[in-house]
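Once you scroll down, you'll see the structures, which are given as structure tokens.
The same subunit A turns up in both complexes below, where it pairs with subunit B and then with subunit C.
Here is the complex of A and B:
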């Protein structure tokens, strides 16, 4: 109970500090914080698939890019759709593409086909974007304006970095809360049964392929919304957003924070941003240092930073080294 | 039923009456597990049909057969290893219940309804697992995992219990416990049991009727006594010592 109270207090302090960020942080740090929020949301979407439903997507950047390009195009070419609807449509587009891939890869075939098809998706998208003038070809969409949201009685002007950051933080918090509720509901428990033993799950009457497709659609929608939030923040979207390196980022964030733990991807994204920020001045060495730190974390804490915290806590509470060995997995039920 | 060029089941036909305990035996590679999979929906036969209470279920996948009343255990107990014993049973109980909202009242952590929790407690007591309710299933002994698997299956309220070598890999004491458990489940719940097993003591102690497979063909079927005395079965599978015993 005390540990939970401490964790909730720390979480509230982090969110509070983040909301205050526009008033004290310099523009560079604010920009990095915004990117971290987006990366955390993107990693959450990947972790829903991998950590909860037991499926791997190696081309998740495809969904991110769908959202980013859709939102970027809507804002740049002034389609006149209110921004919240643009984000919702971006999410629906991600879910629709995930459904199309899912009905091919997940109805009868094993999960490996999903991994292959998602890589194919991101490559196909990269080629399509590269040939589409409307999407800026290889140069991408630039000068994307930040939106204003007309609520009738009041208009939210999000054109400044500070205002958009507060909106970004509010949107990410809301989506994170929705995800928390989802994975801790009966629906989320069914995902966990499928990940732990799909055959047993089928023999308690679970339509495994339907649940897997649903998980993939939710994950695709969330990744697309993360992309949708990204476009007005950076004000430029290029084919880098659909590159395989972009697909690896949510995996690294999740592995660093803790696979399967709900907060793992968020902690991982924050830790990754901190490592990047701390090593930014080591020109030419930064990648080596980041890689070395990641390798060290994986060797020392194979269940990520939260897994390490859980193991240390178990060791301290029970006072015996064996206690730590008995708690090797991040506590998924929390 | 074929795996590529190999015909693994040849003209096998069987019928099991409600409340009966039916055993399928035979040497390794005889086709027992394949026949089991055809019945449960894990494998599809290329000819013939599977009928359950008059309904043709040949094309139904495993999860739909499970919803109709097929309960299945595996040679090595299959449970949800990272869930507690209680969560395992609750997951099974909830899987065939209608959704009753998404627990908005307790939005931060889903809890099962009182009805489900009471039923789960009752099942755990019935199977002697009540003291392990908060233990993650991966930490259970093989015998306790088997009991948990039975609890998961019974939570589905099956009308047919399909047991694939229920005592495989067990010590003698655990084996006797499982035989007693199957007998009790059958007596108390009136469930039809279809099982494969290598241990003839288990078969002769539980089965009403049995069928012997060899290279995908039925070489004998009938009552326990008939099959035990069948010279072909003795030659192919039981051996003389087993028959004397």
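Here is the complex of A and C:
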């Protein structure tokens, strides 16, 4: 109970400090903090798929880019759709694409084959965007204006970085809360039964492929919304957002933070941002450090930073239920 | 017009065999260890840089060029042995996703080290003088170096295929791939064979790096461009199947080159579309994975 209170206090402090950020951080820091929020949301969407439904998408940047380009185009070409609706539509289009991939591929493919298929599809998307004049070809969409939201009584002007950051933080918090509620609901727990043993889940009457497609759709929608929030923040969207390195990012964040935990991807995104910030000026060194840390995490602490924390706690508190639990690499399913 | 098509098929075969040189080691390690090594492309890159450091931008003779390639194979093979001892050994039997991410982390590490040692500038390396001039085959002028690449690809394929299917050691490898536990019970030194496989696979990557040095400009990105295609070849060929990887490499190379003529407006797209269609229709590849062949 005490640990829980400490964790909640720490979480509240982090969120509070983040809300106060526009008043004390310099613009560079603020920009980085915004990117971290978006990466955290993106990683959360990936972990819903991996940590809860047991499916790995290696082309998740495709969904992110769908949202980013959709929002970017809506704002840049002034379609006149209110911004919250733009985000919702971005999410819907992510879900629609996920559904399409799901009905074609998820029934047939899993593991490595699904991984490679998702890489291939995201590369296809990248090339198609690169050939589309409307989306700025290889140069992408630049000068994307930030939105203003008309609520009837008051108008929220998000043009300034500070205002948009607060909006971003509020949106990410809301979406995270929704995700928390989702994965702790009966619906979300069914994902976990499928991940642990799809065959038994089918025996007790779970429609495994329907749940997998649902997880894929929710995850795709959330990744697209993360992309939608990203476009007005950086004000430029390029094909880099569809590159497979971008697909790897949520995996790194999730692993670094801890796969088994809901908060893992968020902690990982923050830790990753800090590492990147610390090593940003050295060419090559950044890769060595990031790659080295990740390797160490996988070999030594496969449950990430949060896994380490709970292992330490278990060691300090005698008789803690987690004390007997080792943290080996999860074994391959037959 | 016809010669244009013939030429594109020819260069498709050449680039397909170049991809096979990378895919061979990837497929071997998957077949025997069930580890899909994301770092394979970057060790290929280490091979190119090692060979480049030996011969420089203008290799003087074919012998010097081949020597540099063999040295690259030795260096990368040694790195493979170390990697196996330190890392891959622990990933055996781990969940696929962790293996993919672990080897990806290794790939990042290697890329960083290469950038630290050799920098990020683009460099081009000429083929040795013997292989530099174009040659006339039935009215089509082809670069002599591509003939060399085809020869190298065929030689590596023949050597691997013979070694795996016709020699005692190859049969032992197949036994280990099929059932490591049972193979151990029969008195086969399984850990040693696994270490040998990893070392050989890395050495192949290093060799490919050396041999394909003049094929493209040298930059810390070349690992990725080959890796993705080699990955696809291994997947389409049926995981762990070297004959499958060979067929699929050539197929992908030809599809890629011919599509530059057939659909000139969308270069590069066809390979991915072909792969996606292939995976969905034929989810287990040309030869379904049944061990090392």
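In this section, the second predicted complex is superposed on the first by the 309 of 334 C-alpha atoms of A that agree within 3 Å, B and C clash if a C-alpha of one lies under 4 Å from a C-alpha of the other, contacts with A are read in each partner's own complex, and residues count from 1 in each chain.
Keep this in mind: contacts are C-beta pairs under 8 Å (C-beta built on N, C-alpha and C of every residue); 3 or more make two chains touch, one makes a residue touch a chain.
The structure displayed is predicted, hence computed values, not measured ones.
Participant: Based on the superposed arrangement, let me know which partner A:196 touches: subunit B (first), subunit C (second), both, or neither?
Facilitator: A:196 contacts subunit B only, not subunit C.
Participant: Just checking: does A:78 make contact with subunit B only, subunit C only, both, or neither of them? Give me first, second, both or neither.
Facilitator: A:78: touches no partner chain.
Participant: Between subunit B and subunit C, point out the one touching more subunit A residues.
Facilitator: The partner making contact with more of subunit A's residues is C.
Participant: With the two complexes superposed on chain A, say which partner A:186 touches: subunit B (first), subunit C (second), both, or neither.
Facilitator: first
Participant: By the touch definition at the top of the document, which applies to A:133: first (subunit B), second (subunit C), both, or neither?
Facilitator: Neither partner.
Participant: Can A:4 be said to touch subunit B (first), subunit C (second), both, or neither?
Facilitator: A:4 contacts neither subunit B nor subunit C.
Participant: Under the contact rule defined above, give the subunit A residues that sit at the interface with subunit B and also at the interface with subunit C.
Facilitator: 329, 332-333
Participant: Mind pulling up the subunit A residues that touch subunit B in the complex?
Facilitator: 180-181, 184-190, 192-193, 196-197, 199-200, 202-208, 326, 329, 332-333
Participant: Sort out for me which residues of subunit A touch subunit C in the complex.
Facilitator: On the subunit A side, the touching residues are 50, 56, 58, 104-105, 108-109, 111-113, 115-117, 119-121, 123-124, 127-128, 131, 244, 248, 251-252, 255, 283-292, 294-295, 298-299, 302, 329-333.
Participant: Which of the residues in subunit B come into contact with subunit A in the complex?
Facilitator: Where subunit B meets subunit A, its residues are 40, 42, 61-63, 66-67, 70-72, 74, 78-83, 87, 91-92, 94-96, 99, 102-103, 107-110, 139, 152-153, 155-156.
Participant: Could you pull out which subunit C residues touch subunit A in their complex?
Facilitator: Against subunit A, subunit C makes touches at 34, 36, 87, 90-91, 93-98, 100-102, 104-116, 120, 228, 231-232, 235, 239, 265-266, 268-269, 272-273, 275-276, 279-280, 283.
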